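Have a look at these structures, which come just after this line.
Look at the two complexes coming up: chain A is in both, with chain B in one and chain C in the other.
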Partner chain A sequence: MNRWLNRSVTLVLTALIGWGVWSVLHWLLLAADWQVVVSNLPLYVVGSYPVDQRWRPLLWMIALVVLIGFTLLGPRRGPLQRWLPLIWLAMAPLGLWLVAGGMMLEPVSTRDWGGFTLTLLLTFGSGLLALPIGVLLALGRRSRLPVLRLSSTAYIELMRAVPLIAVLFFGQLLIPLFLPPGLEINRVLRAVLAFAFFAAAYIAEDVRGGLQAIPPTQREAAAVLGLSEWQSLQLVVLPQALRIALPSLTNQAVGLLQNTSLMAILGLVELLGISRSLLANPVFIGRFLEVYLWLAAVYWLACTAMALLARHLELRLDPLRSDR
Partner chain B sequence: MTVAIRATDLVKSYTPGSRALDGVSLEVASGEVLVVMGPSGSGKSTLIRTFNGLEKLDGGELDVLGVRLDAAHEERPVCEIRRRVGMVFQQFNLFPHLSILDNITLAPVKVQKRPKVQAEQRAIELLDQMGIREQAHKFPAQLSGGQQQRVAIARALALDPEVMLFDEPTSALDPERVKEVLDAMRQLARDGMTMVVVTHELGFAREVADRVMFMDQGQVVETSDPASFFTNAREERSRRFLSQMV
Partner chain C sequence: MRRRSLLLQVGVSVLLLAFLALLVNNLAVNLLRTGLGLDFGWLGRPSGFALAESALPYTPSDNYLWALTIGWLNSLKVIAAGLVLATLLGVAAGAARSSSNRLLRSLAGGYVAVIRQVPLLLQLLFWYFVAFLGLPETPIGDLIQLSNQGISLLGMPLSVEFCAVLTGLTVFTGASIAEIVRGGVNAVPRGQWEAFRSLGLSEGLGFRRIVLPQALPAILPALTSQYLNLAKNSTLAIAVGYADLYAVSDTTITQTGRAIEGFLLLLISFLLLNLLISGGMAGINATVLGRMRRSR
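Coming up: the complex of A and B.
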């Protein structure tokens, strides 16, 4: 009796899954019109960047892909491995220089930045800025000085109580109103700052969690060896705390990447923004499904790369698992 | 005979009304091994933690290697003392993210600004002396408790301290690991190191100590040479403690 029930359930489920897979494949391969993606690939990557300068953002992205590949698949030891963290850090200024120009390259106004390049620049820039601010806020929240502790706590709680979109609106629309006429902060920079100050509050809490996991005896051990408080923090406490906080920090980084898409609402033509303007083109009218599936795939790929890199870093930093 | 540590009327109170240290005075001569014994809560750990400023004094005065310390607890004398006094904890407190070698060379390189190569040579020597040279490139979590504690001793010795403080160095160890740590300490005493050791190891106290100090409820009950302390303690409280130990 039961056996027949099991069999029929299996049969029905198999049929349903089969039908689902077949119709998805059918749509992907036959019904969908991928023209909207294929013919606009350069736009997705660089937006309205001047055509004769497109090699610059492309070069940066190729360098990123090579670096990711080398980090994940390259040899675990070697002369280059020691410099990997620095090379990674250098990717942000390198990207900025290649995209913005100046210093031997023709300057390109931020108005022309766009596509996946802008998405990555926003993520990289705000992430790199948010991490040190977050660490300082976490330390401030645990400080013995009441002023520092209270203001850090107030900042963190305030930022966490405000939706990101409100912070971004503030950055894009309100800050220019407060600035004296003539002084103007660039749109992309405003976005990066808004993202960084928002993410810093969350990062601070992740780092605080890491700091709390370090027993006070570690500081004592450092103190009796004559290390100053700053040395103890820098050499003993923070390296351990950041390692513990790493999984949550990865979470923040992935979230940051996806949240950059909110800037499309505020008029930056990053990956989502450029897609929206493509959909507004009468030639591609109604091709929503193709475009959004393609976007999903690109975001998924980028987030997976980040997750893999973070996992790699976790393993490298675990003294018991890395064969240093 | 020069005095390494002189304590006068030390008072320490964690909660108002109760005193962890209640007027403790003592002297430790240079090259002497003083063993501090007593039931838990008697203030012996608190006492040696005041010697290098880990606990702030509420009263009394300390003179450690000529550096004075009192309730004001300024930062400069504490630093000066820590530079010249080594300490070993009950829980080892090695830095888990650093290799054994880096644990030992961290302070010599960062605090004393010695060249890295020279600090590493010295670290290897010390590990050799502790009988764990082959562990140099492992991480603390890969070592047994006894090995970790010997690394902790080596880490303290790497700064060439004039005095070593031991806070129950064998209390967290498996019984069969105790001996290897005590042997290392015994060797240190033989080499003439000034040592203050809080311990429950009667055998070590009997054999190595120059004097045994017995504490209870934040006060010194008696200080004697080990032979008379263990066979014929003066105070009733000490005799009761000893009778429960064996």
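Coming up: the complex of A and C.
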């Protein structure tokens, strides 16, 4: 770049950044009042969960943090490393049991679930449901049977054409209509179901990309070894396809976490929903900026942690770099 | 083998049909029970609600169909403006990330890193409640006037809600487009940069005339999916009270209770929108690729 132009760009940018830093500092030191965040911290973490039972969601979140730390920083080999994926999978039912209760724990109604706990449960629950549905849809779309192929394609394309908020809203209204009379499911479960049906269509396309990247020789080799079609899919094709699809699946997972915020529009009190009700409280009127900055920091941290974990998994699964 | 696959096919069809029949049966039972049948007659009845913003004349005594059309036009307005602005911002930020000025490069990098990890809905609320509703009354010359009642640009009044949705969509989608542009630009061999520099072309001219045209075939398909995302994300406008298609549908369904018909209409409108965007992009793609082939 021309030297003078380069210098003037640097000068203008420095002035802009300086102005930005100055006004942020000015606001932080003189105008900001973090009372709205500090005094409502328990609400942000566990929602209106019964006070004497709050240790349950807290215990789950501590377990998650420990698991994240162990995954990222723990030893690369050892008996525990082998079981790590299974332990991760077990975190969803564990969280559900701890938060919902039943089986030796006092049941807590979904109306009292909220805050970051609800955000995490929604993400985990819908992600775990969406992954198998997505894989089945991807396989269906590549099936030799026209009925299966056409119905999977139609489902994926229709789902991808509608906005998420519409799927969630109509999920709340329509899922009860498609159930037999007498069978009722609560609002949180309906949200998780609708969310999973939506995400499955996107996951299916990512998995399909992975499947397409597997050369046909892999299947042929499996057939020569005498593996049945099902075995070849399960042992040869899918593991490789999922590994290839991992980066885009990570993006989906981060998107899933961010999109749980849409449930606030439907009246669930996850992170953003709690904030909306707090901002409606006359005591905290006008404290938008503090709340939004705090929420942005929480979401940013959670998303970054997720991306780091996935990056770690990617490196471990890479056959060229892993030292297993 | 042939017969087995035929049998399998029949089996799968029967299973699928049985599942669909079960769903439809449940639906029919539930609709009968609640006294609602599939019916579109309500579209002709007066809506009774006012809309803050309409491109064509509209009053509460107009019918639901017209209200939905106005909502569709409002959506179209914010989507079209968003597409143009997000593309400009995205290309600028993407180009800045491969700039030789380090400050510019890291500023663009920081923009992308922050914006992509924060939910769009949160950003929209920020733009609406903090940025636009907090605007002090500032006339900038005669042509631009800012206030928390709205913005007047060259005599054209823009509502606060419209501005907030437009800014949110632009900034959010711009970050994704910047990543796509960077990926496409990185795919152009470094030799091309060295070649135009040795020919004495300026950095900006070389980027526009040499690098960008070669990066376009890699950029365009990914750009299309970002455009579709922007269109779908525009429905979050309901959170700040902009009367877009989804917000009008929501009010309509709450008033009439016609959830299934409302969903079908919304589905059709979005299929139409998607067709419009992907059709337009396919045209652009064909022109770009055609021009490249001719010039070779």
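Note that the second predicted complex is superposed on the first by the 302 of 324 C-alpha atoms of A that agree within 3 Å, B and C clash if a C-alpha of one lies under 4 Å from a C-alpha of the other, contacts with A are read in each partner's own complex, and residues count from 1 in each chain.
The rule is short, and it goes like this: a contact is a pair of C-beta atoms (placed from the backbone, for glycine too) under 8 Å apart; a residue touches a chain by one contact, two chains touch by 3 or more.
Treat the numbers as computed from the prediction; the structure is a model and nothing was measured.
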> Is A:L174 in contact with chain B, with chain C, with both, or with neither (first, second, both, neither)?
Replying inline: second
> Which of the two partners, first being chain B and second being chain C, lies in contact with A:G226: first, second, both, or neither?
Replying inline: first
>> Under the stated touch criterion, which partner chain does A:L13 make contact with: chain B (first), chain C (second), both, or neither?
In response: second
>> Per the contact definition in the header, classify A:M91: touching chain B only (first), chain C only (second), both, or neither.
In response: neither
> Touch check for A:L289: first (chain B), second (chain C), both, or neither?
Replying inline: second
> In the superposed arrangement, does A:I265 touch chain B (first), chain C (second), both or neither?
Replying inline: second
>> For A:L67 in the superposed arrangement: first (chain B), second (chain C), both or neither?
In response: neither
> More chain A residues touched by chain B or by chain C?
Replying inline: C
> In the superposed arrangement, which partner chain does A:V254 touch: chain B (first), chain C (second), both, or neither?
Replying inline: second
> Do any residues of chain A touch both chain B and chain C, and if so, which are they?
Replying inline: none
> Considering the complex alone, what residue numbers of chain A touch chain B?
Replying inline: 217-218, 220-227, 231, 235-236, 239-240, 243, 317, 319-320, 324
> Within the complex, which stretch of chain A touches chain C?
Replying inline: 1-2, 6, 9-10, 13-14, 17, 144-148, 151, 158, 161-166, 169-170, 173-174, 176-181, 254, 258-259, 261-262, 264-265, 272, 288-289, 292, 295-296, 299-300, 303-304, 307
> Can you name the residues of chain B that touch chain A in the complex?
Replying inline: 52, 54, 79, 82-83, 85-87, 89, 91, 93-99, 106-107, 110-112, 139, 141-142, 155-156, 159
> Which residues of chain C touch chain A in their complex?
Replying inline: 5, 8-9, 12-13, 16, 23, 26-27, 29-31, 33, 99-101, 103-104, 107, 114, 117-122, 125-126, 129-130, 202-203, 232-236, 238-239, 246, 249-250, 253, 259-260, 262-263, 266-267, 270-271, 274
